[in-house]
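Shared between the two complexes below is chain A, which pairs with chain B and chain C, respectively.
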Partner chain A sequence: MTRANLIRQILRIGLLCIIASFVLGPLLATVLGGFKSNEEIQTSALSLPAVWRTDIYAGILADPGFWRYLGNSLIISVATVVLTLLIGAAAAYVFAQIRFFGSRMLFSYLSLGLMFPFATAILPLFVQVRDLGLLDTYWAVILPQTAFGLSLAILLFRTFFAELPKELFEAAYVEGCGYIRFFWRFTLPLSTPILATVGVFVFVQSWNNFLLPLVVLNSREAFTWPLGMMQYRGEYAVEWNRTLAFVTLTILPAVVFFVAAQKYIVAGLTGGAVKG
Partner chain B sequence: MAEVRLDDITKSFGNLTVIPELNLTVPDGSFTVLVGPSGCGKSTLLRMIAGLETPSRGRVLIGGRNVTEEEPSRREISMVFQSYALFPHMTVAQNIDFGLRLQKMPKLEREERVARAARILALESYLDRKPSQLSGGQRQRVAIGRSIVRNPKVFLLDEPLSNLDAALRGQMRVELAQLHRSLGATMIYVTHDQVEAMTLADQIVVMKDGRIEQVGAPMDLYDRPATEFVAAFIGSPKMNLLPGRSIGRQDVKTAGIRPEHIRVDGAEGTWAARAEVVETLGADTIAYMSAEGIDSITVRLPGHMRLKAGDRLFLTPEPANLHLYDEKGHRMEARA
Partner chain C sequence: MAAVEMNAGSPSATEKLRRRLTSGRMTAALVLLPPALILFTLFVIYPLAGSGVYAFYDWNGYGAPTDFAGFENFERMAGHSVFQQSVMNSLKVIAVSLVVQLPLALLLALLIYRRTPENTVFRLVFFLPYILAEIAAGLIWSFIMDGNYGVVADLTRALGIDPYFITSDRSWAFTAVMVVIVWKYFGFHMMIYIAALQGVPKDMIEAARIEGASRLEVVHHVQVPMIRPAIIVSVFFSVIGALQVFDVVIPLTNGGPSNSSHTIVTYLYTFGLARLKIGYGSAVGVTLFIAAVAVAVFYQRLFMRKPA
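Here is the complex of A and B:
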């Protein structure tokens, strides 16, 4: 390796370390915070704990409320992912395969949803959910989340589906396979990269969603974990160590999900770039 | 019986008419090749027989039955695509019996048919592989296997060999001819390669701009091309097309003579010519020559005649093998 190359490598690795530290620093502080006392967090947030306290984590793990929140979040997120993938893929399949009057306009209209800020819709959404009698149910969160996730899902799916060779459908069609069967037997199995990509986006978004559950869920029974976390914020004091330990434990499933799907995500994002 | 007949078929895309009023009969059990330059409408024609395109007007009859409005799967046809269109997530066996599964055929019979197709196409040891693990020729065979298991009355093949390298193409050509002989089914084959057309077909259909220029047996087309276009298209190296005056006929627009029908002499002849480029192929020597009033004329000589660029020779076209064409490019029957 030449000297210039070596310097360039060192610079590159240094830069990557700095960028990684932006992500890992707060994460580390969060994980470590769960082992500290509140006073220690206030004085030295980033250092290793002077005394490793495990009772905070243990306390949260032993709390049935924590597991209930986690379960609620999991049900809502999984349902949102499944619904978004199914509806989004079906809609995108139609846009990619069939040319019908107004398809371009309809597609543009759906894409407009990308520009619509979620927070602006929160009041009408609440009214709608209340009128439908869905308050305090999982559907109150699942349905709006699916609706808002669809624009991105359809946009990504359509591009991917459009790149599946047309002859594949024709070959199946000649054999007697119709559009719907083709969707289940060909489009979905051949689209795992993009399904994983969109699935992870939707899952993480739903997992971390705070505003919508806050507005439509009032019963503690139906709380998702971001709402459950609020119990550690008193009127006068915040139990930071509990909050941080809680956050650490609740982001774990999202991280696991991401790592599991990571291989496909990279393929999904670059899938359209090169033919191969 | 599975004769394919096209009655007054017209196909337009918007204002663009790709095929104007075309009639064609493909006899039962024949190997018919549709050939023509790209964009001549031959693939569109095949897709209309398959049912992937609907004709704007006219009727498609397969085995005497009007199938113009019928779904492809009910036409008793099968199709092999240029890109093979194998299903990438299925094994070879699953690819081959996909259509049979859709027909809800009993498992035992399905396995039997797949095994038979695999035996015919020498695919037995690849049945559990995915298409991505196969070579080009093997993929081609899987695509053919997929079409033969259904016992269709008519096979449609859309440039099936164009993605293969030259050596493999020659081999697959032989295999296709053998397959046709053993199955006895009607085959309609689209290609832009006149060599494939000549070697495979019992009947060649030469197309240009959506119209049929000539239909006939390969040697009929070779011996008596009906139009100037067919004369230029069929045969390799190409027929020489010369102005009528070069053979002393003012009433003739174009006179055609094949490279092998020109006599060469050192001392006398109709044209005094000079060799510009000489290609030695072994059995043959192809010489590209120029003569007075003629830019370029191709001559096929026996391989033992050694010729160098720059050599001067006399050329004489064999009068019996002259093809004469009028202003419209139609064949004139009176020989020179």
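Here is the complex of A and C:
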């Protein structure tokens, strides 16, 4: 019995390791590639570098363009998170706390965004953003991202708010606290778990977004990092080591962020999904 | 919510509280709700409605659309071999998800759902690709599959054959795209299954074991049926996701060679937006919208019926 268990355990770990190498191999080759010369990459893509060159990484880190791409992405992502949380929570609070005629209808209306992929409306969205004079501004990315993120945010917030104890609101109201102040002073602070989950999720989506920035940002000054990365790839087409170093430096913050925030990411994905 | 039980002593106190609760309600609704409504209407509903209108015009996006074209855009799209190919490709993604990705995810979930230190490590590793930007994943794999530089080059050299460029091979380019999609997303589906498996009561599994059920029988008759809701959701995600594939394709094949590896969205981008054929692209967008909504509605009717 124990022997059979041992064999089973070995088989299990072996299989897991094979799949783990399929996952990690490409990532490892990418990180190492940034330390090699192109000739070395050409002779062996997976091996450790014979000489660890750091000049490629250093060159990118010294490039102000690189930091501008990251800065643009950061500004856009943070603004999207703040707007989505504030606007989404405000609307969800109304749906959870206030009964009025048409409330259900408006809620269904705002849920429409869950029904279809973002890409379906990308052309008219481009026309809309252009006609509003927003092309090449941060708003061109922030506002549509926020609008498309609202549906899910409102749905999750409403469920959470509805579960907050009603007695609290009644007590606060007797003390003279109005709806809006209650929202600001009690509902939001009591809802940090769901705010964090939605916030992390919105941030990652914005940080990784490619299609929308591609469509509405044309000037390099405004490029987010995925656009900058493709630009870089185009410029150094045959110099894979530069592209690989660039990729490594941009996915590094994502990995660090993921490890730090994984609790919320996993909760957001599985919690919502499994209950739905 | 108005039916909340109130513990106030006298009826008049209850009445007073109710009246106070009503006042200020509308003000709050009028302050807190409009930002969401305005933003959503302006950047989601209005463009979507725009799609529905522009799709019937021949329009380059400048001035007002005046060149009414009826169903011409749709007819042209339906007859375009590249569009047909892109629909086929999206269906292939769905097929690969169902046949390869989800079974793989389920297998791994069954292997590592228990909370042990080594399982936590594997879980993190398998989930890692999901956190990367799709565009970065595509770029990394375009290196791996580069016939001159990548791991594929190592392989062909070791085998002593000519360099092979999978992403320039008409018959295999889209397979390369699908490999990357599986690599990127199986961990996500695995996480859904793990969360569900951890919710299966332990005594149910133990009871089945005591009655003499083998491990496979437990999986087949207890665990899989118990996580059915999670499987239904993950199938839904992979179908909807398959309709949206874009980022991964751009660095890998950019729709090529000779337009063989387009998905619906890269088709929409290449033949609609990049050529400023707003009318034509909108027709593709409307078609995609109808497909997505149809999938969502039918799927929910069929599988996701909730107890009200």
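In this text, the second predicted complex is superposed on the first by the 198 of 276 C-alpha atoms of A that agree within 3 Å, B and C clash if a C-alpha of one lies under 4 Å from a C-alpha of the other, contacts with A are read in each partner's own complex, and residues count from 1 in each chain.
The rule is short, and it goes like this: a contact is a pair of C-beta atoms (placed from the backbone, for glycine too) under 8 Å apart; a residue touches a chain by one contact, two chains touch by 3 or more.
None of these values were measured; they are calculated from a predicted model.
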Touching partner for A:Leu135 - first (chain B), second (chain C), both, neither: neither
Touching partner for A:Leu190 - first (chain B), second (chain C), both, neither: first
Which superposed partner A:Glu170 touches (first chain B, second chain C, both, neither): both
First (chain B), second (chain C), both or neither touched by A:Leu249: neither
Touching partner for A:Val78 - first (chain B), second (chain C), both, neither: neither
Comparing the two partners chain B and chain C, which touches a greater set of residues in chain A: C
Touching partner for A:Trp240 - first (chain B), second (chain C), both, neither: second
Chain B versus chain C as contact partner of A:Gly88, first or second or both or neither: second
First (chain B), second (chain C), both or neither touched by A:Pro124: second
Residues of chain A at both interfaces, chain B in one complex, chain C in the other: 170, 173-174
Of chain A, residues touching chain C in the complex: 12-13, 15-16, 19-20, 22-27, 29-30, 33, 38, 41-42, 44-46, 86-88, 90-91, 93-94, 96-100, 106, 109-110, 112-113, 115-128, 130, 143-144, 146-148, 150-151, 154, 166, 170, 173-174, 178-180, 183, 204, 207-208, 210-211, 215, 226, 229-230, 233, 240, 243-244, 247, 250-251, 254-255, 258-259, 262, 265-266, 269-271, 273-274, 276
Chain B residues within the chain A interface of the complex: 50-52, 71-73, 77-79, 81-83, 85-89, 98-99, 102-103, 146, 150
Interfacial residue positions of chain A with respect to chain B in the complex: 165, 167-168, 170-177, 181, 186, 189-190
Residue numbers on chain C that touch chain A, as the complex places them: 1-2, 4, 6, 17, 20-21, 24-29, 31-33, 35-37, 39-40, 42-48, 50-51, 54, 61, 104, 108, 111-112, 118, 122, 124-129, 131-136, 139-141, 143-144, 146, 148-151, 153-154, 183, 187-188, 191-192, 194-196, 199, 229-230, 233-234, 237, 240, 243-244, 246-247, 250-251, 265, 268-269, 272-273, 278, 281-282, 285-286, 288-289, 292-293, 296, 304
